[in-house]
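Take a look at the structures below.
The two complexes that follow have subunit A in common; it is paired with subunit B in the first and with subunit C in the second.
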Partner chain A sequence: MLFNSPQFLLFLILVAGINFILRVANKRLFLLFASLFFIGFFNIASLAAVLFLSGFTFFVGSLIKGQRTNRLYYLALSVNVAAIMVFNYFLSVNSTLRFNFNSVDFNTESFLLMIGLSFYSLQHIAYLIDVKKQRLVAEKIFTDFLLYSVYFPKFMSGPIALHQQMRLQNWEDRPSGALMWQGFNRILMGFFKKMVIADRLAPSVHSIFDFNDTLPGLTVLAGGVLFTIQLYFDFSGYCDIAIGASKLLGIELPENFDFPLRARSITSFWRKWHLSLIHFFTTYIFYPLSFKYRHLKKTASAIAVLATFFVSALWHGLGFTFLLWAFCHTSYLLVELYFRKPNEPEKNRFRKGLKALSIFLLVSFSHLFFRSMSFGNCKHLISELFSTNFLPTNWRVDFIAPIAVGGHQTEHFNFLVTIVFIALFLILERKIFSIFSSRAFRPLFSFLFVILIFLFGVFNNGERFIYMQF
Partner chain B sequence: MKRALKIFVTLSCFCSALFILEKLYDFGLRQNLNLKMTAIQKTPPCSNLLIHGPCEPLWMLSPALLDPKTNVSSFNLALSHSDFADNYLHLYFYLKHNKPPKYLLLYVTPESLDKNYNTFNAYRFAPYLFDSTIKTVVAENDPEYFRWTFVPFMKYAYYNNKFNFDVLQGYKHYFTARRLAYYPDGFEPPTKRTWGNHAGEFAQLYAKNTIFEIDPLREKYLLKTIRLAKEKKITVYLYESPVLFEALAFQANRTEMIKNIKHIAAKEHISFIQFEGLAMAKQKKYFISTLNFNMAGVKLFNDTLAGFIRSRMLIDTLK
Partner chain C sequence: MVFQDTNLEIKANDAAGEIDGWDSLTHMTLINELEKNFKIVFTFEEVINFKNINDIVNVVSKKLS
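Moving on, here comes the complex of A and B:
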C-alpha cells in the first residue's frame, strides 16, 4: 500500500473519515490500529520488527531513570543501531531483496524487508538519549509510545518526527476543516511532484546511470543533475503526501525541505534538505561533538562534520559509494568552513543565480556517487566525466538520445515537456508552495493540477519512492 | 453551503473535462497516419506480401528493396517491441479494413516466445477498445491497464507518455490534410548506431544461464495469428533473420527453442525459414544489436530474402 496507489487513497479516505467522526477517547487507539494495519498490509515482518523494537525501547526507556548502571541504556541503543546496520547489510548483499534505484518492484513478502526501520529506529535512539539526559519524561503508556513510532503517514520514509514532537500534537482534537483542506492541497502537490516530474525523469536517469555505456562527460553530468532533480521531487513529493495525509488526521508533521535547490552555499543547502534527518544528526552528533571539542575552535566543527557525514553515509547504506558521497559533502563543507567569508547579503540577482547554480552542480556531482549502483558503476561514471571527450561529438546520439531515452520525436517531446514542468515549477516554487499550503479550497488550482496529473503523470510503473530503500 | 457548491461545480467540471479530453484524444489518434492502426484504415496498402512481427522485420525488411526483386507488392506491418498478441491484433485490424494479402511473412525467434523479451503494447489499441476482439485481447494481456479503462480518460492517462505527442501529430495531419504516413510502406530504417559495448549488452540481454522459456500466452497468440491468416487463405511463412554469431553462445537452449518453433510450423503445415548459415551473421559490422542490422546489413539481407521469396513462392505456386 504505497502512497501513490489507489489502495492507499481508499485507506486514507476511510481512516480520515472515521477519525473525523470518532469520539475523542478512541482516536489514539483507532490511529494506532490503522497504522498497524497499514504496516501489516505491507509486510508482516516489518510489523513484527516495529513491535519488537518499540516494545524493547519503551521498556528500557521506562527503566533508565531509576537505573544506576548504563548497561540497559547502551543495550537498547545498540539494538536500534544494530537493527539499522543489519538491515542495511542485508540490503547490500541480498540482490533479490534489494529495492534500489533502478528496480521497479521489490519483494514485499521477504521477511528481511523492514520498511521504515531506519527511520523509526532513529526516533527510538533520540527518545532513549533524551530520556537518559532527562530532557524528556519517559512515556508511561505503551500504546501512546507505539503510536508515535508507527504513525502511518510518516512510517515509511519520514519525516522523522521525534517523540516530543509527536507527544505535543492534539491527538484528541477533531481536525478543523481548514487543516483538512490544507492537507488535501499538500497531497495534490505531492502527487504532482511525484507523478509529473520525478517519475517522468526516472527513465532518463536510469538510461544514463545503469548501463555502463560509453558516454561523454557532459551527458554524465546531465545525469547527475537530472538525478538531483528527480530525488528532490520524489522525496519532497513523498513528504508532501505524508504531511498532507497527516493534516487530514489533524496531526502536523515537521517539514523536510525548504527550497534546497535555491541554496547559495553548501551549509545553506544542508539547512534546507532532509531537515528532519539533519535535525537528528545535528542534535545528537554534530552539536555534542562541536561542544566537546570546542577548545579546538574550527577544528571542532570539522571533526563534527566528518563524524556526522560518516554516520549519515552508514545510515544510507553500507556501500562504498555512500562514503564517497559523504566525503564529497564533507570536503565542500570544510572548504566553506575554512575559506568562505561570512555571509554578506547578495543583491545582484545574476550573481545570486550563479551561486545557486554552482551549488546545484556541486550537489549533482556528489549525487553521481550516491546514485551509483556499485563501486564499478561509480568508477565508470567518474572516468567518463573526466575523460577527454567531455563534449559530445554527435549531440543527437551521445547527449539527447540517452537523456530523452530514445531518438524518436515522441521521446524528445516527452523530455521537453518534463523540462518545461521542472523549469516552471522551480521558478514558481515559492508561489506554488504558498498556494498549496493554503487552508482554503482552491478550485481552480486543484482542477488544473489534477488535469495536469491526468495528462502528464506517470500512472504505470511509478509505484516506488526512492527513499523507501533507506 | 457555498463551499459545497464550489466542490460540486469543480467535480462536475473535472468529469466533463475528462470526457471531452477522451473524445479529443480519440479523434487525434485516429487522424495520425504515422500510427499503423490509423494508416491501415485510411490509406489501405493493398499488398500481396505482408511483413509482420516486432522491431526486427520493422527495421530490416524494406518493401522498397524487396518489391522490385520479388515482383510482389509488400507492406511492413511490424511494430517495435511487440509480442504475438500485439501482432495478432494488428493483423486482425488490417484484415478488417483491407483485402487479405497472399502471403504473410511473420518473424519468430526464441525471444519471441519468452515473456522476458518484447511485450504487449496495450496503448496502441486505446482508441479502438469499442471493438470486442480488441477489448478481449487487451483485457487478457494487460489486465492492470484494462481495469482502469472504465474511468473516463484513463485509457489515455495510464500510458499518457505514449499518446501526447501522437495526438498533437494527429491534429497536425488533420489540419494539413496529410495523405501518407512518414514511412508509407511501413519500413523504418534502423537507427545509426556505433555498437561498442556488445559483450556487455549480451550479458544484459542474456544474463548468465538464461534459458528461454515458452510463455503459453505467446504460443497461444502465435497460433491465433497463424490460424487467422489461414482462415483468410493467406500462405504463412515463419522466418528468422540472422542472429549475430557471437551471441549464439549466450543463448543456452536456442536449439531446443528452434525445435519448438519448427514443431509449431509443422503442426500448422507452414514453413519456418532460417538464415543462420549466412556469412553476414559472423560480421559485426552489419549489426546494431544482436538481432538487428544496420542499413548496410539490411540491403544485403533484403537481397538474399528477395531471392528466397521468389523461389519459394514459385514453388508454392507450382504446387
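Moving on, here comes the complex of A and C:
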C-alpha cells in the first residue's frame, strides 16, 4: 500500500473516519490494529518480523537495570542493527528496484519485505539507549509500545519519531476540525510535490544518470541539480503525506525539512534536511563522540563528523557511492569547521542568493555520487563533468534532449509547467506554506491544488518514493 | 573565542540556533572552554540538555556553589 496508491487513500479515509467516531478508550487499540494491517498488507513476513523485533525490544527494555543486564542490552541493540542490515542490504541486492521508472519491473517480493524496517529499527535503538541511560522510563504496556513503534503514517520512511515524542501525543482526544483540515491540505501538498514535480523530473534524471552516454559537463551538472530537486520534492512530499495523514488522526509527527535548499552553509543545510534522522545521528553518535574527545577541541568535532557520516552512508546502503557521498559532505563540513568565519547578518539579497546557490550546487555535486547506480557509473559521470568539453557543442542534442525529451519525457508542456512550479516553490515555499495553513485560504488551497494535481500530475507510471529503499 | 566573534552579545534566553557560530560542531568546544575556565566537569546528560545560555548558567552556578 504505497502512499500514492488508491488503496492507501481508501484505507486512510476509512481509518480517519472510524477514528473520529470511536470511543476514547478504544482509539489506541484501533490505531494499533490499523497499523498492523497496513504492514501485513505489504507482506506477512514483515509483520512477523515487526512483532518479533518489537516484542524483544520491549522485553529487554523492561529488564534493563544496572550492569547485570548489559549482555541482554547489547544483544537487543545488535538484533535491531542486524535487522537494518538484513533488510537494507541482503534483501535488496538482487532486486532491480533502484530508481527504476517502470513500476512493473520491481522485484516486489524483496522490495516489500524490507520496507520500513530500517527506519523502524532506529527508533528501537534510540528507545533502548534512552532507557539504559535513564532518560526514559521503560514502557509498561506492550500494546502502547507497539503502537508507538509501528504507527502507520511514519512506519515506512519516517519522520522518525522517538518514543518520548509519541508518548506525549493526545491519543485520547478527538482530532479538531482545524487540525483535520490542515492534515488534508498537507496531504494535497505532498501529492502535488510528488506527482507534479518529483515524478515529472524522474525521466530526465534517469536519462542523464543511467545510460553511460557521453554528455558534456554542464548536462551532468544539470542532472545533479535536477536530482537534488527531485529528491527534495519526492521525500518532503512523502513526509507531507505522512504528517498530513497523521494530523487527520489527531497525532502530530515531527517535521523533517525546514526549507533546506535555501541554506547558506552546509552546516545550516544539515540543520534543515532530513531533520529526524539528523537528530538521531546527532544524539546517539555525534554528541557522545564529540563529548568524549572534547579536550581535542575542533578535532573532536572532526572525528565525530567523520564517524557520523560513515554510519549515515552505511545506513543508506552498502555501496562505495554512498561512502563517496559521505566523504563529500564530511569535507564540506570540515572546511566550514576550520575556515568559516561567523556571518555578519547578510543584508544584500543578491549575495544571500549567491551563497544559497553555491551551497545548492555543492549539494547537487554530492548527489552525483548518491544517485549513481554503480561505482563505474559514478566514475563515468565525474570524468564527464571535469572533461574539457563542459559546454555542449550542440545544445539541442547534448543538453535539451537529455533533460526535456530524454526518450521518455513526452508531455513537453507539462514539463515546462513543472519548471515554473519548481522556481515558484524554491523562491516562495515558506509563503505558500503559511498561506495554506491560514484559515481564510484553506478552502481555496484545497480546491486549487486538487485542480493542479489533476491537470499537471503524473498518473501513469506511479513512481515509488525514493526514500523507501533505505 | 569559541564563536570567533569578539563583539558577540549574548542574552540569557539565546538558544543554540540563535547565536551565529553556536551549532553542534562548536557546542563541545564551548563546553570544553567552560570546564577549563571554571575548573568543573560536566556530565554528558547535562551537556545534551543545554538548550540555551540560561541552562548553562544554571548548571555552572550550581556546580560552583
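Quick notes on this one:
Methods note: the second predicted complex is superposed on the first by the 434 of 470 C-alpha atoms of A that agree within 3 Å, B and C clash if a C-alpha of one lies under 4 Å from a C-alpha of the other, contacts with A are read in each partner's own complex, and residues count from 1 in each chain.
The rule is short, and it goes like this: contacts are C-beta pairs under 8 Å (C-beta built on N, C-alpha and C of every residue); 3 or more make two chains touch, one makes a residue touch a chain.
Just so it is clear, the model here is predicted, and its values are computed rather than measured.
When the two complexes are overlaid on their common chain A, residue A:333 makes contact with subunit C while staying clear of subunit B. Contacts of A:65 after superposition on the shared chain: neither subunit B nor subunit C is touched. In the superposition on chain A, A:288 makes contact with subunit C only, while subunit B stays out of contact range.
In the superposed pair of complexes, A:351 makes contact with neither subunit B nor subunit C. In the superposition on chain A, contact is made by A:413 with subunit B only, not with subunit C. In the superposed pair of complexes, A:454 makes contact with subunit B only, with no contact to subunit C. Taken together, the two complexes place no residue of subunit A in contact with both subunit B and subunit C. By the touch criterion given at the top, residues 200, 211-214, 397, 407, 409-410, 413-414, 417, 441, 443, 446-447, 450-451, 454-460 of subunit A touch subunit B in their complex.
Residues 133, 135, 267, 271, 282-283, 286-288, 290-291, 294-295, 297-298, 300-301, 305, 333, 336-337, 341-343, 345 of subunit A are the ones touching subunit C in the complex.
Against subunit A, in their complex, subunit C makes its touches with residues 3-5, 17, 20-21, 23-29, 31-32, 35, 44-45, 47-48. Chain contact summary for the complex, subunit B toward subunit A: residues 3, 6-7, 9-10, 13-14, 17-18, 21, 144-145, 148, 153-154, 157-162, 164-166, 168-169, 191-193, 196-197, 200, 204.
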